[in-house]
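See structure below.
As written, the chains take the letters A, B, C and D, and residue 1 is the first residue of each chain.
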Amino acid sequence: MSGNTFGHVFRVTTFGESHGGGLGVVVDGCPAGHPFPHARIAEQMARRRPGQGKLTSARQEADAVQVYSGLEPETGLTLGTPIMMMVGNSDARSHHYDDLAALYRPSHADYTYDARYGLRAVAGGGRASARETVGRVAAGTLAEDLLAALHGIEIVAWVAAVGDVVLPAVDEATLTRAQVDASAVRCPEGHVAEDMTAVIEAARKQGDTVGGVVRCVVRGVPAGWGAPVFDKLTADLAKAMMSLPASRGFEVGDGFASTRLRGSQHNDPFVKDERGQVRTVTNHSGGIQGGISNGEAIRLAVAFKPVATIFQPQQTVNRAGEAVTFQARGRHDPCVLPRAVPMVEAMAALVLCDHMLRARLATMDGLRR
Amino acid sequence: MSGNTFGHVFRVTTFGESHGGGLGVVVDGCPAGHPFPHARIAEQMARRRPGQGKLTSARQEADAVQVYSGLEPETGLTLGTPIMMMVGNSDARSHHYDDLAALYRPSHADYTYDARYGLRAVAGGGRASARETVGRVAAGTLAEDLLAALHGIEIVAWVAAVGDVVLPAVDEATLTRAQVDASAVRCPEGHVAEDMTAVIEAARKQGDTVGGVVRCVVRGVPAGWGAPVFDKLTADLAKAMMSLPASRGFEVGDGFASTRLRGSQHNDPFVKDERGQVRTVTNHSGGIQGGISNGEAIRLAVAFKPVATIFQPQQTVNRAGEAVTFQARGRHDPCVLPRAVPMVEAMAALVLCDHMLRARLATMDGLRR
Amino acid sequence: MSGNTFGHVFRVTTFGESHGGGLGVVVDGCPAGHPFPHARIAEQMARRRPGQGKLTSARQEADAVQVYSGLEPETGLTLGTPIMMMVGNSDARSHHYDDLAALYRPSHADYTYDARYGLRAVAGGGRASARETVGRVAAGTLAEDLLAALHGIEIVAWVAAVGDVVLPAVDEATLTRAQVDASAVRCPEGHVAEDMTAVIEAARKQGDTVGGVVRCVVRGVPAGWGAPVFDKLTADLAKAMMSLPASRGFEVGDGFASTRLRGSQHNDPFVKDERGQVRTVTNHSGGIQGGISNGEAIRLAVAFKPVATIFQPQQTVNRAGEAVTFQARGRHDPCVLPRAVPMVEAMAALVLCDHMLRARLATMDGLRR
Amino acid sequence: MSGNTFGHVFRVTTFGESHGGGLGVVVDGCPAGHPFPHARIAEQMARRRPGQGKLTSARQEADAVQVYSGLEPETGLTLGTPIMMMVGNSDARSHHYDDLAALYRPSHADYTYDARYGLRAVAGGGRASARETVGRVAAGTLAEDLLAALHGIEIVAWVAAVGDVVLPAVDEATLTRAQVDASAVRCPEGHVAEDMTAVIEAARKQGDTVGGVVRCVVRGVPAGWGAPVFDKLTADLAKAMMSLPASRGFEVGDGFASTRLRGSQHNDPFVKDERGQVRTVTNHSGGIQGGISNGEAIRLAVAFKPVATIFQPQQTVNRAGEAVTFQARGRHDPCVLPRAVPMVEAMAALVLCDHMLRARLATMDGLRR
């Protein structure tokens, strides 16, 4: 209802403000008996955190996820009970934010939070901070681990565009996270990564910011996941991605480009492969037809706007409605894209893990097994 | 869970197959005491139905919505109890579909339904038919009427692209449905509408289909609607639109184009207007910041792929996995765009009506009023 | 949210007023591939309907359930899509109710509906009528059929008390619905049934009504169903039963009587039976421990107050707050108990079917199967 | 879905095992701008904790609730974002429990947890411990504070029976928590409290335990709260109470006793009081008619079975199915009733706070205010 919970069966509830007592998540609905993936989560948390290089915010976050419940102490197996994970807020310098209480930073959530709630946590943007995604990444990586354990599913996202620098097609069938992480900007093609880095650096020097596109592929999803009407995989993935901070667009398969194709060009012919499996020759649909997975790779993209915090003077108003000039200080990413990569992976995992579980209940035959 | 319900407070559950006993919707959570908008619903149902012209499917649907519950008989006022609306399936010629039972039409939901459920309603695509949107449009128009009654909100969608024919910007502040409906293709600019019509006709003659883009503006939403984390307005609108048949992409505000802007270009400066209201000078954000409405017009776009049913022979497989040739027959739209216009409006209304109600509970001050 | 939906995975949404266009239910989440149990549903509907004998209301309801969606036409198999079932309102004599619009019948929902909604459907009590349970019984019997098909589960309820006439213990391990239906009052012991009948008849002659207790046993539920905190089986069964019209109390196992036992008397010792199955020697717990089924028979009871409609003059007020005398007319049960038997069975089935599906997702081992 | 969340608008999710990293709760949906009631919560936590006297378990729990999110640091006002509260597990002596891992204590949740999850947190009963209610009481007291702030509502529960010692009627219109707390057993009548204490002490000396009944009155709920079908106030209160550990029965108003009344005795006549308010002369209905509050005091009762942990040797089986003798050690309540009082109050508050918010959306008139 208040929108801090995601998922139906694998349910994730996040809490916490950027500079309060901690940020965390409760995962309810994780099946019992799974070895908790501490290392995998630590890895994705490291990819998510700021301060990884000069491309991103200098804020040093420990981001060490502590698990408070839901695990058998001796074995580390999941108990089937709620798993609460939290990250402390050690590096909070809230005095940086004191002078922000009264004014509305352009294209931030300051004004809209005040409009909705009548007050807001000023320090660090409160819950509107990108730091809110800590819980998503922790929970999403647990989801990813379940998908891998039960179906061998792999999720890989990468930066596909920064500003005007666009990465041409990559081999999505074989792309790995190691390839993605070869550059700090998380673009798997070296020379494109260099161009993207140059664009980001140029913006930073001007106190400006840039946006871009993250693409994601999910390999190994069997046919038959997704619900056919409101909870189409397309719909739930869209919601997941468009709930990420700064996201402004989403597409699946050929997306907006599909609008310029004829049906005869876009349709994916069915064939039977050597193992007797129904497959499609092409994958314009991005692995989802009628909202349900068809066994092909799921392909999606998310557009992120340029970060709102720029280091140039901006005209705005304060709470009293007086015109004021705002000059940002502090530590901020000139480009959110590299850090968005694990966030996109996490959200994809949350959607698919939920639908993996839901699909288990779809048929009487499945229930008899 | 099974994905046939949408919304949290204003909850809509649809049911029905294309050629079964009827298609309908139960609306739960409509406040009591509202005059039921029979005429407004009939109007939108007429805009939704096929057979409006040669641009769309020739199937004649009565689509007269009958209300079975939730209204006071004497006054037509909503009772606060569930409102069940249904449309009968009078014009069903299911023998057209007999030979479809065994084969998988490319880029339809035949294969994925079989993969999920082990069987499917063959006639008319069952629940995967665009006819499933009957209930959405009926319920969405009721939602729209509540939005209009309580806040004077206006929702207008239009066809902004068909294939390569793209409509340049229109005056979104004044655009009306009458202007949109001036052409059968529902593009408000006459000469662009003609170009679009030509593209559709050319495709039809070749037994082919085309895709396109619907844009939508919502005027009058006050600041403060939307939840800040998973249920951002951006997220819920994305889910709503990406749950429509054939949708492949979604964007809000400047969307994908915003990825090519600098922060200094994209940020919307705040000012106070003559009435003392905080406003933004520009509206790159599309009326939503941090997932919450800021009082500006909400602007969004939805990409629809070309319809899968083409009248050219296509290679595919049947249930036994044998390669077969499929040749479509029957009545089908070469372009879903004109009919998608009221569907987009309806889904926008469902999201906003739900959030209008939810916003009412956000603050103690609001509850005291 | 508005409380017309029950269940999480096997979700039931009812709609309809007593004298409107029809009463029905949408079942969402029924697995695909199950033969729809038309006959079983008709049977339970017949047990639910009034006019079965002089003990119950003389209103003749057709109560023939028509299925509008969710079934494959040729085979009658469930499609996995929403199943909409509806019963028409053929025998509506709403003029009987005209003079009720302005006054509040004591211990009816007239005043509380007005307090909540500002208006109400006067005829037949609208949605507060016992006729609202039509949809519950139809959906619950479908649930019961799934429980029987997948686990051989049997649900039998009976009238255990009417006024002061209390049935001593019956053999719950073997009791059948045929034994229950041997008397019109649905008490399986003939002489007790006669006493109950006498009590009901005496009340009727005085224009009065009586309450009583329905007991229910569920046999065959395996160990491990139920969630351990808020959604304990005890809790969900309690909610289910206390949502029935006129219910005022609920207990499971030894219930209120257990409060007078010592722990050493109430505890159920564990043993292993000849098949190697863990069992309990006694069943004071009623088959549920820590909210989760333990494999023993689930035993529960529901208290129903005397029907509010009596045929004696009563003091009350009208909408204007003026004191008036109310004298009921029309057709009403002097005792709701016999008809409550299938309602209790249906609600038990809804709870257990939902938890059967949920239990399928509890462990990684279960998901691997 | 996994049953760790309660409520629709005012949503409470609990987490934590008895001897793990902590027990806590996330409250989502608390309106913004409310002064957080630290003191009120500390008070109820003190009433809930064991070790208050010789009547209850000797375990010393700090039970100091720490708030990690959702409050404005400077003012302590609620932010409208999730409020996470947690209590650490300082006094854990898990070696007491080592020998319990392999055997099933009679009438505990050991066997059923194993049956459901395949493993369980052995120490302290894990999540099946009464300590799980820490989060409920913290969240429920916040709910109570909102009910008091917005409507002046008062909730008072007391011990109405212990074993065979039953408290006759008290003056529910004036009863205070101070009166209830006058005795350690929380029975407001001194001599009855003494009898109850004697019964508990006698049981303790024999290594045995006793059950009892808690009654609760809620004063000040306006007419019109509650949803009329599945989410009747009766139903939601029943679920709330029957989700408490050891609860076995629930009744509202006259409850089971109402089954022995005639309708003419049970009906509550309406009158208009001196302030022009519709009231009932009697309150057999317990303040709820048709599932909706009628403005009278809400009256309910909850039956608690005797605690399962007795200090007598008991026959049972271990995981291998071998017959073993179990002899409990450690710290346990001989009677849960005194500590159940604040739990019942908390659960009542959670239900009513949720319905208070939901009622705000019931009518167009209400939304216009």
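Here are some notes:
Just so it is clear, a residue touches a chain if its C-beta (ideal position, glycine included) is under 8 Å from a C-beta of that chain, and two chains touch if they have at least 3 such contacts.
Model, not experiment: these values are computed from the prediction.
Farthest from subunit B in terms of Cα centroid separation is D. Comparing chain pairs A-D and C-D by the number of C-beta pairs in contact, the larger count belongs to C-D. Subunit A and subunit D, compared by their mean Cα positions, are separated by 39 Å.
Per-chain CA centroids place subunit C at a distance of 26 Å from subunit D. Residue positions 1-2, 4-5, 8-9, 14, 29, 32-33, 80-81, 116-118, 127, 228, 362-363, 365 of subunit B are each in touch with at least two other chains. Every residue of subunit D that touches subunit C in the complex is listed here, in rising order: 1-6, 8-9, 14, 104, 106-109, 111-113, 115-118, 127-128, 132, 161, 163-164, 203, 206, 208-213, 222-232, 234-243, 245, 247-256, 258-272, 276, 278, 280, 284-286, 288-295, 303-310, 312, 314-317, 321-323, 358-359, 362-363, 365.
The part of subunit D that touches subunit B in the complex is made up of residues 1, 9, 29, 31-34, 78, 80-81, 146, 149-150, 228, 357, 360-369.
On the side of subunit D, the complex with subunit A involves touching residues 1-2, 4-5, 8-9, 11, 13-17, 20-24, 26, 28-29, 32-33, 66-73, 75, 77, 79-84, 86, 116-121, 123, 126-127.
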